Amino acid sequence: MERKELTCIGCPMGCQITVEFDREKEEVYSVSGNSCAIGDKYARNEVLHPERTVTSTVVVDGGDKPRLSVKTAGNIPKNMIMDCMKAIDAVRVNAPVKIGDVIIENVCGTGVNVVATRNIH
Amino acid sequence: MIPYDIVIIGGGPAGLAAAVSARKNGIDKILILERDRELGGILNQCIHNGFGLHTFKEELTGPEYAQRFIDQVLEMGIEYKLNTMVMDISPERVVTAMSREDGMYQIQAGAVILAMGCRERPRGALNIPGYRPAGIFSAGTAQRLVNIEGYMPGREVVILGSGDIGLIMARRMTLEGAKVKVVAELMPYSGGLKRNIVQCLDDFNIPLKLSHTVVDIEGKEHITAVTIAQVDSHNKPIPGTEERYTCDTLLLSCGLIPENELSNKAGIRMNPVTNGPVVTESLETNIPGIFACGNVLHVHDLVDYVSEEAGRAGAAAARYVQAKGIIEHSDEVVKLIATDGVRYTVPVTIDLKNMADLQTVHFRVGNVYKNCYVSVYYNDKRMTHTRKKIMAPGEMEKIILQKKNLLKEEDLKTITIKIEAE
Amino acid sequence: MYDVIIIGAGVTGSAIARELSRYDANVCVLEKCEDVCEGTSKANSAIIHAGFDAEEGSLMAKMNVRGNEMMDQLAEDLDIPFKRIGAMVVCVQKDTLDGLQTLYERGVANGVKGMRILSKEEAMAMEPNLSDNVEGALYAPSSGIVCPFILNIAMAENAADNGVEFRFNTKVEQITKDDAGIWHLRTNNGEYKARYVVNAAGVYADVFHNMVSDKKIHITPRRGDYCLLDKEAGNHVSHTIFTLPTKLGKGVLVTPTVHGNLIVGPTAVDVNDREGTNTTAAGIADLITKANQQVKDLPMRKVITSFAGLRAHEDHHEFIIQEVEDAPHFIDVAGIESPGLTSCPAIGEMVGEMLREKMSLTPKDNWIAKRKGILNPQTLTMEERNALIQKEPAYGNIICRCESISEGEILDAIHRTLGARSLDGVKRRTRAGMGRCQAGFCSPRVMEILHRELGIPLEEVTKSGGRSTIVMERTKGANGGEA
């Protein structure tokens, strides 16, 4: 059994969480120190399958701004961050764009879309 | 002179939330004055996520969070003017503004809400020795260049200061292909949120050197290197600990300063600890009818708290306008005292007559405290004693006071908030 | 071929250029930097000294007092911010009180007018924030403060308007004389020829002198660190406050600036590097200690920037303004350290006169004596300002919020004679970026304006010319989205 101290990134509270888990068996035995269910979920994921949301920008043509901010609509595996950035960097979109518009579907096969986080006119 | 019930200076998160709240509280003629080319303020360049968990119960990016409020402002038909710089506010609440389109003009405001936000401490104020070449940016300026304009300042980066914008930019620059070599922090603790250390530095193996500062900047035209040294308990560099890092960019994230030039012109009394106005329970400054909220009042770390505070300012300004400026103040004004590790409180006074049933008091501690207690004293009597696992200067704390408890206390003059070991 | 080439576009070179522009002559100024006012002229105390400090009978004393006298007319003609606020030399040790008398007598001998010795009480009444240790003071009402950037820029602009050519980014590398007696100046931008050369190269003046003369001179760059304080501290004193001079110069001074800030400095450290304008922790600590000896409660938390400048200290601490003995038609204007800023109009006059005589120059009919500065809309009434904005909407767009500088002023700075080409060029002409946020807010906006108005890519916009570019490249690759 392993024991790991984590700082929760679920929200800005940054709870100090202790997780007891077995990496081989992919099993979490206990989570303590969290203040909410997000912390519990974060801790369980973080020790076995860490995930992050990626935010960046893409080039936009014909709009009132040169860059469109985007995010992964959900978390993707942490080890996919740089691949995801490559995919984002390769995109060029045309204005107009609305918040929530899908910019990349199923980015890098993660099952998560990259979506716009700004309105561009 | 054009009359408005409420004029809001700044169309960032504080100004937007104040406007929405004032409208919900029945005020018709509201005007937001914004100096940038769009509403939303600094949130527009904060493209990272983590906003809105308290306000909207979901995790949003800065632009998305701003848009939620912008949409409300638009739906409510609240007036706003962009590219407009407020040049002056008089104690009589005459607001002088200027823009290309409208020239210079004056507005008579029934109430004014200050929501100008804050700015970053520049290199000059830090007295970092060395040359003054190109390639040194406050983190927020770099953030604007990268996220809004789409330009990279450089490829090899050193960051001084572990404020949240610096941490966020460490990740951002890394994702855009730069090498962030080190983050140096003068204090023995980080000035930013813990979650940002984890996901902006640890995730990318960027070292954070606490109790370190920049002691030399090289490069006559463009920055070529910096030297970092460890500091002692008086923040003085320790000889022999110097390490040189070649770099083409130095980002500074060494604190935020509320932007109170206009408040000073209006003669508003300031709190030297927060660099923001001294305010009452209604977030009213010493000048009747002028209210303050958000980072111009005191620097927040969460925009959710800015929106909440601004909502209260909007409501209080609405009450002021509706009472035609005649708000009865009682003799029962309680003074809040910040001491023993508590650096300040917002507000600094509470009028028992005017206070709401629940009064939020924000404060910050001056050091890292582990397993300590936040104690609240009514006069000399300890009323609450709450254990905290950890408190740090980078994270704003709050307590909530109940009106009914305050009223029960006989001859209540002061409420003291302090940190106690046990 | 030029009649005269001036090396250096600092205050000295520019003052000489302006004087020569009165005459029918082809004059060219060669400057290694991208703008005027890039060396010693941009980093100094900005004081127009009264003239009690320089040794009696010296050229320094003569130039100082004459330069001081000329400043009112010059400021009026060229629209330069200048205020005669007066100076006090304070004595903080009773046993050195007679030093004030010595200074007073030297000042009288030098021709300084209106000086008085003040008792402690008189001094404290005039300047309540003087240190409690002050035992007495010398008061010199003719001392003043000026904007050194505008002084330099205005003289150069006026010279250019009168036909003097300025070649920037042009570094003189070698000077030779041909058999016909013509000077050949090899530069990174080709060769320039002239009948006369004026060496106004500041800390490099010895380098050029020694290229043409066997009688070598030696100039030491003497670094001085300064701290500039917020305008909130600008009223801490209302006169320029010196302490009694020491061997290393005038000690530090504390003075309001003509724009309402407070400046503290300089230290005096001899260095080897002629570009060594780096501040040091020790230097800043030293100047704070020294300043606190003369002025109390200095609000050093209000520092908005610190910087260092280099004085061109000649070994004999005297101005060298003469034709080089073994190099006819080569005029040295060397060793121009403090009070060089004060002296520059007098030096211009002296060198102008020297060359007029030597070259038999004749005055132009159409010489323009006056130059109009960049309009400061803050001096206008609201009605006037609105009329201006209606005509020129850019004046309604504030770019630098700390100093309230509008786009209109920045456009003027870029498009006028010898216009700004960099952030620092805009800053020194308009003050955009000189306020308490030190350009954090306005720099992306000024970059955008420079990019648009000069038609250069954003990646080529610089802080101060050369390699001082600000952004490196676009995110997402050169074209973006095509990685």
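Chains here go by letter, A, B and C, matching the order in which they are written, and residues are numbered from 1 within each.
Rule of thumb we're sticking to: contacts are C-beta pairs under 8 Å (C-beta built on N, C-alpha and C of every residue); 3 or more make two chains touch, one makes a residue touch a chain.
Because the structure is a prediction, the values reported are computed rather than measured.
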- Message: Looking only at C-beta pair counts, which chain-chain interface has the most contacts?
- Response: B-C
- By CA centroids, point me to the most central chain in this structure. B
- Task: Quick one: report the Å distance separating chain B from chain C, using the average Cα coordinate of each chain.
- Result: 39
- Query: Between chain A and chain B, what is the separation of their C-alpha centroids in Å?
  - Reply: 26
- How far is the middle of chain A from the middle of chain C, if each middle is the mean of its Cα atoms, in Å? 54
- Query: Of all the residues in chain C, which ones touch at least 2 other chains?
  - Reply: 475-476, 480
- Which parts of chain B, given as residue numbers and ranges, touch two or more other chains? 149-150, 176
- Any chance you could list the residues of chain A touching two or more other chains? 57, 59, 67
- Provide the residue numbers of chain A that touch chain C in the complex, in ascending order. 57-59, 67, 86, 89-93
- Of chain B, residues touching chain C in the complex: 35, 83, 85, 87, 96, 98-104, 106, 119-120, 122-125, 127, 129-135, 138, 140-141, 144-146, 149-155, 176, 215-217, 220-222, 237, 248, 261, 264
- Item | Of chain B, residues touching chain A in the complex | 44, 47-50, 53, 59-61, 63-64, 67, 147-150, 175-176, 193-195, 197-199, 203, 301-302, 389-390, 395
- Along chain C, where are the residues that touch chain A in the complex? 475-477, 479-483
- Query: For chain C, which residues count as touching chain B in their complex?
  - Reply: 227-228, 232, 275, 277-281, 283-284, 303-307, 382, 385-386, 389-390, 393-394, 396-398, 401-402, 404, 436-441, 443-444, 458-459, 462-476, 480
